[in-house]
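For clarity, chains are labelled A, B and C in written order, and residue numbers in each chain start from 1.
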Amino acid sequence: MESVTKPDREVRVEAKPRDTSDSHETVFEIAGLTVTYGSVTAVEGVNLDIRSREITALIGPSGCGKSTVLRCLNRMNDLIPSARVGGKVLYHGIDIYDPGVDPVEVRRRIGMVFQKPNPFPKSIYENVAYGARIAGIRDLDGVVEESLRKAALWDEVKDKLDTSGMALSGGQQQRLCIARALATDPDVLLMDEPCSALDPIATLRIEELMLELKDEYTFVIVTHNMQQAARVSDRTAFFSIEVTPQGRRGRLVEYDRTEKIFTSPSQKETEDYITGRFG
Amino acid sequence: MVTRSPASDARLGAEAVRRALTAKRADTRGLVFRLALLTCLLVSLLVLVVLLADTVLGSLSVWRTRGLADFVRSPLSADPAVAGIWQAFYGSAILMAFVVALAVPLGVATAIYLEEYASDSRLAQVINANIRNLAGVPSIVYGLLGLALFVKALGSVTGPEVFGRSLISGGLTLAPLALPVIVIAAAEALRAVPDSIREAAVGVGATPWQTIRHHVLPVAAPGILTGIILSVGRAFGEAAPLLLVGGITTFFQQAAGSGFLEVLQGRFSALPVLVFSWSRLPQEEFRALTAALIVVMLVLLLAINGTAIYLRQRYEKEL
Amino acid sequence: MPDVRSHFHQELERLEQAVLDVSDRCDRMIGMAVEAVCAGDLELAERVVAEDNEIDRIYLDSHDRWIELMARQQPMGSDLRLMSVILHLNVTLERSGDQCVNIAKMAQVTEGLPRSERIVSQIREMGDLVRPMLRTAVHAFIRRDAEEARLLPAMDEPVDRINRNMYREVVACGPDPKLLEWATRMMMVSRALERIGDQAVDIGEQVVFLVTGEYHEFSEEAFLGRGGGD
């Protein structure tokens, strides 16, 4: 049928202009990160650069150490007495595990949102105001309103700021936790499977919120939901479990732009995982 | 009939499923077991009711002839017609205040250290185990400790006028008795605070102290309070240690117009001690008085425990 | 309920916008190609080739974005149908562009040959019939209007008729081998325009799928007794 020849393509397709990754500076430089709990090595030899004003997703099967890595970024692992952290986590060039670094100050800069919504059993206002108050911020009313607005919760709660944060729905509670984290005006927000306890619509709202906020904040999100990583993130790090004679340990397999990871990953292990041919 | 399975029923069709679901099975053994349990419950309940009824009936004559106020406000006496419980009532109240003032700060502080600061250390595990054992030590042993330490060794401080057999000695003896219960209850309450709250506080940049002060303690407070009240209730009912450190069982005169320190250093009585002593008196009239005294104690204990239950239920709902 | 996937929907809209951009270019290219071949304007023919290169570039870029969006957003329902339709439209329009290049190339190979004004006017008429078809198809797509899309098979009929008749017109050109050569080339042009018409009909079918969720060819629809009336 087709009796004609295709014209030769002369125009080279140059690199897509919307890839502006190079203008983003590095927030975290993780080098040779190894974490052990007692005699168990959770994750070994992770090298990862996390860029400013981007959403970086950490994905991989259960036990691959992605949450462990996340919790190293604001020294949350300090709460686990048996945890030992090796290697370097440079935050704007400063090793946050240096003995001279105050972990409390680290956590003020690097906020966290947890798997299960965990508002304080206090009023909505107090939930948001708390972090700002202990940080010595004066204009609490302003901070509370701004944080709740950024978390897309203000309109829903502005008339009941005195009611308990526990009375909100799961999705609202999680947005309250995001507002609470925003109140200290952090540089980075760590999200540890923030939607795993939420229904699909509440999940999409949180994702939408992250996309709204990423012009101002750097996000690192751990998720066991690959589709979520695909939808929301700019870069994706895929972790996997390696079985060694010393036991199972997590390691970083591949780290690249998200569309690359999900359309043509360079490692077979990643390909097997995202196509469900895992294990 | 051949062996059936849900799947084979389903394959046979709706009628087979209906038959399988509606065929009632007689669960004889389960019924017998349930009846046996119920019987046990009724027996223990019966014993309790008989005891209570006997005591209340025995006390009726006192309420009729004397009235509650007169009974409570009258001083101790060897004459059953006028004998009251005032010194014992007053003594028990001060003893409880002693227990609260001494054991609560110590116990809560111990629990906070063990749970929040040293939760995983070997030392904490050893201390924890020992505290549990202490809670099981018979109260008479605490009485011996009190006798040796506060009455004999420190008598010149605790009660120079009364050979150490003072309110202070009584309080110092009861406080360690209550301490392990408070530590255990407070530790349980702290452990019941979800880690997510600690993580949340730490995550917004709270220091360990701020985390405990602003978030962990307020959440654990009802549980700690419940533990305190229950331990006070236990100390309230103890007679044996107080008998050893010299609780007065008969008439004594409080020095009129004496200061608070003098009261503390003076002789004392307490309600359980009085129960012990009255029940041994030969006069028939003291039977009724003892019953009335027991009723007063039961009502007080009930009030104490009721408060604990109320607090627990009210705050548990909020979490 | 606010749109909780507004970022995705914006991306989707941009992808749709790229399709509309290509369709605009195609529309203009058809006009240019027909003019080039009918007036023997070689410069215009060059511009058609250049324009097709631009379409190819947009097409490749769209394709990458389409793959990325598909991989990342897992569209559902009407979004999924729209994604499918966008892919189809991209391919269809890109081919229409290629047809225009084929037409423009005929202008180059027929330079200096004698021509039949009768055939030229028929080619022009085909161009004038095919361009509104494409516009109608795209308009139906923009408006999500299945009724408008169902007008397309009827619009395609005169194009088909002229194309079928072109053989006779060529034979009627007589014994002059030069003229015959030219006329044969014009058959290729007629054939290309007829293909563009068919592609507009394809777009119409896609629009009906987008709106109703059911995919039939229009000829099949007519057979099933559906079509414009229902």
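Everything that follows uses one rule, which is that a contact is a pair of C-beta atoms (placed from the backbone, for glycine too) under 8 Å apart; a residue touches a chain by one contact, two chains touch by 3 or more.
Keep in mind that this is a model prediction, so the values were computed, not measured.
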Central chain of the complex, centres being mean CA coordinates: A
Chain whose average C-alpha position is farthest from subunit A's own: B
Centre-to-centre distance between subunit C and subunit A (centres being mean Cα positions), rounded to whole Å: 46
Whole-Å gap separating subunit B and subunit C, where each centre is the average of the chain's CA atoms: 89
Footprint of subunit A on subunit C - complex, ascending: 4-8, 49, 52-54, 56-57, 60-61, 64, 67-68, 71-74, 98-99, 101-102, 188, 191-192
Contact set on subunit A toward subunit C in their complex: 3-7, 9-11, 13, 16, 201, 204-205, 207-208, 211, 227, 230-231, 258-259, 262-263
Subunit B-touching residues of subunit A, taken from the complex the two chains share: 74, 76, 79, 81-82, 104-105, 107-108, 111-112, 114, 116, 118-121, 130-131, 134-135, 164, 166, 177, 180-181, 183-184
Of subunit B, residues touching subunit A in the complex: 119-120, 194-207, 210, 214-215, 218-219, 318-319
